[in-house]
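In the two complexes that follow, chain A is the common piece, with chain B as its partner first and chain C second.
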Partner chain A sequence: MFKDLIKRQLIEDIMSLKFLINIVLILTAVIVFSLIFIKNYHNLLDAYSKSRMNNEKILMAFSKTPSSNLEYVTLYCLMEPRTERLISDAYEEKIPQGFLLTARPYLIQAKKQAEEVMYTQISKRELVSSAFSYSPDLTFIVQFLLSFFAIVLTFNAVSAEKENGTLRLVFSNSFKSAYFVLAKYVSAFITICLPLLLGLILSLILLAVLSVTPFSSSLVLNFLSFLIISLLYLSIFILIGILCSIIGHSSKMSLVLSLLSWIFLVIIIPRSSGMLLSLKRFDVPAEEEIRELAFKAEGATIARMNKQMAENSMKGFDEDRKKEMKLRLNYERNKSIQDIYDFYLRKKLSAIKTIRAINYVSPASLFEFSASSMAGTGLSHFENLWQQTRQFGNDFVSFLKDNINTLKKGSYFYPDPDSISNKPIDFNAIPKFEDKQLKLGERMRDALPYISLLVFYNLFIFIFVLYRFQKYDVR
Partner chain B sequence: MIKAIIKREFLDNILSFKFIACVLAALIVISMCTFVLTADYKDRLKNYDKGVALAKEALSGVPTYSCLTVQIYKKPSPLSIFISGIERKAGSRVEFTNILMEIPTFLRGGGTKNEFSDMVSVFDFSAVVIVVFTLLAILLSYNSISGEKEDGVLSLILSNSLPRYKLLLGKYLGGLISIAVSLALCFLWGILIVVFSRNVEVSSELLTSMVLLYLLSLIYLSFILLLGIFISSRTKSSFISLLILLAFYLIFVFLIPQAFRTYTAGRIHEQTKNVEKNSQFLLDERSKKIEATLRNVPQTKSWILRDQFYMELYQGKANVLSRINPPETIKKQKVYTSIRTGTEREYAEKIHELVDKDLHIEYRIRRNLNNLLALNPPSSFERTTELAADTGVDSLNRFFQQINLYWHQYMRYMEDKGAFGLKYFYPGPEELTPYEKELIKKINADPSWQTAPGRTILYRGKYLKEAMDYKPNIPYIDLNDMPVFKFQPLGLSEKIGACFIHMIVLIFYNLLFLILAHLSFNSYDPRKRE
Partner chain C sequence: MAKQVSMLKADDLSKRYEDGVLALDHLNLDVRPGEVYCLLGANGAGKTTTINLFLNFIPPTTGTCYIKGIDVTKDPLEAKKYVSFVSENVMLYGNFTARQNLEFFAKLGGKTNLAKEQYYQVMRRVSLQEKAFEQRVKTFSKGMRQKLGISIAIIKDAPAVLLDEPTAGLDPKAAEEFLEILGELKNEGKAILMSTHDIFRAKEIGDRVGIMKEGRLVMERTREELQYEDLVKIYIDYMKSEPLTA
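Coming up: the complex of A and B.
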């Protein structure tokens, strides 16, 4: 009986006009978005490889005469453009594109735009990002189009049956009424699965044929995990549609209810939380002010260190000890600058994260976050890059310490023309920066909170649907 | 009779659940965004006032022309509360100095402080109209014909002697009036929030612009209504007409504009590489040229003293000599200054030309995009509001055009005043006081600098302390007659002119669909069942 119900519903759904419109829409969007992405991807890759070549040139010069070339070591550690951005772009182009690592003074700073990183002067007039600016990626298609389709598919699942009078008939059968809802749910789920699967396969094929990167198993794995998250997300909207059709007793009423809840959950809540950024508590100083603060902190550190040095007078020190003290001074002052930069970068990140936490009420945002965490793009990419850059900086410094250190063994080391020799080093031995993706396990761990919330919403609404349907009055 | 239809339709609409729910949703969103954007505007206005005062103050204590930094702030427009445009992100001021000449092409400071803010977005009035009111118009019109047929009312109405076009008109006007009323409610509510939040001056200009925005919104929503009626008269069941309209909503409101925008951004990125490629080259060329010319200046043996106080005050970004300097040094500095400023000015214009070329390409691509999107009513509407409120890219472009003109005007003024001569680096009058003359004579006689090679060296001899301690009262440069930059915002008629084409397109769509709906309704058969 249950199977019959599903079969009946499935045939009804798949033969309908809405399914046809939907599948055409989804496939067109997938093709257009994939093509746009691949075109832009080549540009991004160009810029990225240019910056890497630039880094290599600098390091090549450095390897010949390390000590005199130390101050020219300014390396850009940029986010590698990845094909995962087709799955979820997560505004990756709109956040700082990477870090600038300078060896003298030893500092790591976030840099905003790709152009700013590589060139001195740019026109800063970019396209206006309005409330509708989305990155055209697969996340957008699922988040927007398919969720909408899920609503359209199910908004009259119960109320139309009531209006047609079939609901009474169904109820007069002896099977449990929960099966009825379950059948509706399962068949809608399968109907949604079809265009999603087709779209994903299509974009995977386009990516494999037209993209420059080789087809890898990790990409397929990413698509698979995206499919699972998408299904979790879409299931919520199927349930919301069924819920609306139970709550609103006529199809018209349930239509309005489900459309409004869609608008609120998918557009208004995720799109309007940005307003909170102008609250006093998320306020951060402008870039110039941060630079000034860092300058002040540096001054304070120098004054403090000078006082300390004056107190334990350096008269008895030998040459090496004096050198070490100088290095320590340099270290302390640069660290005070770095601390200010890091503090505000962390503050900015946490402001955005707090604001995003408000969006957890909307499954659409949860889906967006989990997809970007799983694909390792957007904010999680940036944070990963930050960590990698710091790691790279440490590696680089310890490489200098181990290989061309001119100081006495065991003494304090800090990169400075005085502390390293001019002896040529092997270019291949110098650590190079490479943006590595997080491992699948780590990405999963990042996405887990969002995914579990999605599962929770699913269960919660499902139970609520069952509860409401038990009390449903057919008359 | 038509009045009765309008009245019935109007009452039907405003008492329906969908209407109340949509209007409530719109009111909630508008309250939130107006509140936040007003606070944001007030913040920007405060910064503007502070900045203008500081910039004026900075002009009153300039010892030499090399210390002069002109800061021009762009006044935030109160309309950015309703149509936020690019204003909140673009920055707040331009700056030009005489020590490093460049024609400004971007705004500094005061933009978004948090680099990650583009990850979260903000609603404004046009967004509410496009998202919520478009949906409302669809919900009000999708069953206007087919719904009546399904209820069986249509046959009844048509059996009256009422001509069909009157029925159509009645339905349309009834829907339009209910939308007009709710839209007016939202606009009034927004304006009230602004009025009651202190410190924001609600001028008549703002109100007229709001009326213009209101009318534009109404024209756009009227098109959606007509589209709904047309689709509803083409389909047999109201469900199918709803489906088609919602597909329209998704495709034309969300999908198409974004796909086009991303594509265009990619194209702009691809094609505007003049600045990236060549400006560094020009900058290098500039410094090489200056160096080469300076090398040809004959070297004389002399000494130089800088004014330590002002050099520190301007953080080394100025060139101020002490009044105690020999005539040879001053002569040489004059030559240096004329070479440096002349070349810098030449290259400032060259670099600006380069930037301008890129901007023209960008402008062309963007114009093509806008022309194409003008065919898509929601994008056309969005663009129209941006033009009518004058808070978008166009306003910024105009600002920079005027800044460019002003820069040349400013340069002419500087030349008239002889800013690139003695007064560029030498504070106070040209004549020396007897004490100064004597001190210079004393230092000239000091043998400590004469042993140095044959060029100008920094004086470090025994009279240094005396020269340093000498702090005469230097008269500041009088800049009261300097031309003042005044940004001309668009007047109402100019705003209407700017969005005229888009308005015409929207009106054309209105007429087209009115006629189509009329034709299609005329041939509508109320008897046919699915």
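Coming up: the complex of A and C.
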């Protein structure tokens, strides 16, 4: 009987004009978005490889005469473009897009805009800019288009049958009322699943055919995980649609309730919470202000260090000791600058995470976060990049210390022309920056809280739908 | 001859809606197998409420409904196995054909694995035109939908049939055909409870006729008694009489 209820509903859903419009719209969007992505992806790769080539050129010159070229060591640590960005581009204006590592002064700075990172070294700046702009992704299609379709498909699932009069006839038969709602849910779920599945397959084929990336188990796995997260998300809107059709006494009322719920959850909450970033608590100064604060901190450190050095007379110190003291001064002053940059970057990330926590009430935001976490893009990619950049910085400094350190004694080391020799070094031995993708396990761990909340919302609304329908007046 | 057990029974049944309206006031009635019971009454007299209570669409305020001895409120799923329902305005799934609708509702009624021909036979029995069998129901007239509604009741083959003003809005020929089918169902031993405004047809088909007013069953006559009485006069007299007091 349950099977018959599903079958009937499924035929009605799939034969409807709504479904036809939806599938055409979704597949068109998938094709257009995939083609835009593929075009952008080549630009992204181009920009990324240029940044790597530029790094190599700098390090090559450095390897020949390290001491003389130290001040030109300015390395770009950028996010590696990946095909997963088609799944979730996760571009956030507030998240910096890369890091600039300078050896002298030794600093790692997050850079919001590509131009700031790449400036003059790369001729085609517009290419670089495009590497950091938002490109439409599959998350958008699911988050907005398919969730809207889920609402349109289900807003009158129950109320229309009541208005048509079929509900009385159906319920004059002997079956559990939960089956009726469950059949509506399963049917809508399958109806939504079809365009999504077709869209994802089409997108994979386009990626493969247009030679962006070969089919790999990792890519398929990423698409598969995206499919699962998408279904969890869409299921919430199917349930909301059914709930509205139960609560609303007429199809018109159900439509209004459904649309308001959709607008509130998909548009208002995710977009308006971003405005909270302007609050005092979340206020992060602009880069120029941070730079000024850093200069002030640097000045204070220099004054403090000079005072210390004056108190501890350097007379009687050998050259190495004096050099080390000078290095320490440089180290401390640069550390004070670095601390300021890191402090505000952490503050910015903390503000973004706080806003995210507010957005947990919106399934649309949870979907966005879980999709980007699983794809390894967005905030998790940035945090991983930061960690990798710091690790790379440490490796680079350690390499200099271990290989071309001119200090005879003393544990102190700081990349400074005085502390490193001009003796050529093996280019291949110099650490190189490479943006490594998070492992699947790590990505899953990142996405788990969001996915768990999506599952929770599903269960909660599902139970509420069943509870409300038990009390539904079928007359 | 042993007294037959009631197939449909209302025992001291009352219904007061949330807005305070007393729609049904201590109704007692029973319909036996092979009997047609017609409920007459003005709009709001409680006829449809009675049917809704039998179908467990609403809970009673007091009293109990029984279908084949099963308390409808306590075990609605078991009770509904033994009842078919035809409404005043049979509404079906418009994008489905007559046969598809019949098949769907037959399966809901527990009749699975029926051949296509069996559905056709039932539709022939209610005189639905052959060409309409595979036509979408949204193109059907009311008469055709009512015929399809009764064919749904026939195919379920339940021992009790509830009809809520099934002939309202039908042309005389269609109404006559409808009543013929009811007669056949009666002869098959079905217990039929029909609410109607049609006094003439109630007298024609009903083994017993009850008149409801303001939620109360104010009169009940058997077919034999009505041979010597004028049902129209009785009905009008009751309708003209003073409102009942609580």
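We adopt the following convention: the second predicted complex is superposed on the first by the 448 of 475 C-alpha atoms of A that agree within 3 Å, B and C clash if a C-alpha of one lies under 4 Å from a C-alpha of the other, contacts with A are read in each partner's own complex, and residues count from 1 in each chain.
As a working rule, a residue touches a chain if its C-beta (ideal position, glycine included) is under 8 Å from a C-beta of that chain, and two chains touch if they have at least 3 such contacts.
Quantities reported herein were computed from a predicted structural model and do not represent experimental measurements.
**Q** First (chain B), second (chain C), both or neither: which does A:176 touch?
**A** Second partner only.
**Q** Can you tell me whether chain B or chain C touches more residues on chain A?
**A** Partner with more touched residues of chain A: B.
**Q** Let me test your reading of the model: by the given contact rule, A:29 touches which partner, first (chain B), second (chain C), both or neither?
**A** first
**Q** Quick check for you: in the superposed arrangement, does A:322 touch first (chain B), second (chain C), both or neither?
**A** neither
**Q** For A:8, decide between first (touching chain B), second (touching chain C), both and neither.
**A** second
**Q** Report for A:286: first if it touches chain B alone, second if chain C alone, otherwise both or neither.
**A** Only chain B; A:286 stays clear of chain C.
**Q** Looking at A:267 after the superposition, I want to know if it touches chain B, chain C, both of them or none. Which is it: first, second, both, neither?
**A** first
**Q** Please indicate which partner A:64 is in contact with in the superposed arrangement: first for chain B, second for chain C, both, or neither.
**A** Touch partners of A:64: none, neither chain B nor chain C.
**Q** Once the shared chain is lined up, is A:439 touching chain B (first), chain C (second), both, or neither of them?
**A** Neither partner.
**Q** Where does A:296 make contact in the superposed view: on chain B (first), on chain C (second), on both, or on neither?
**A** neither
**Q** Any idea which chain A residues touch chain C in the complex?
**A** On the chain A side, the touching residues are 1, 4-5, 8, 11-12, 15, 164-166, 168-176, 473-475.
**Q** Residues of chain C touching chain A in their complex?
**A** 52, 55, 57-58, 76-81, 83-85, 87, 89-96, 104-105, 107-110, 149, 152, 156, 162
**Q** Quick check on the complex: what are the chain A residues that touch chain B?
**A** 17-18, 21, 25, 29, 32-33, 36, 39-40, 43, 90-91, 94-96, 110, 112, 115, 118-136, 140, 144-145, 148, 152, 252-253, 255-256, 259-260, 263-264, 267-268, 271-278, 282-288, 348-349, 351-352, 355-356, 378-379
**Q** Could you list, by residue number, the parts of chain B that touch chain A in their complex?
**A** Residues 17-18, 21-22, 25, 29, 32-33, 36-37, 39-40, 43, 85-86, 89-91, 105-111, 113-124, 126-127, 130-132, 135, 139, 240, 242-244, 246-247, 250-251, 253-255, 257-259, 261-266, 268-270, 272, 275-276, 279-280, 283, 351, 355, 358-359, 362, 366, 382, 386, 392-393, 396-397 of chain B touch chain A in their complex.
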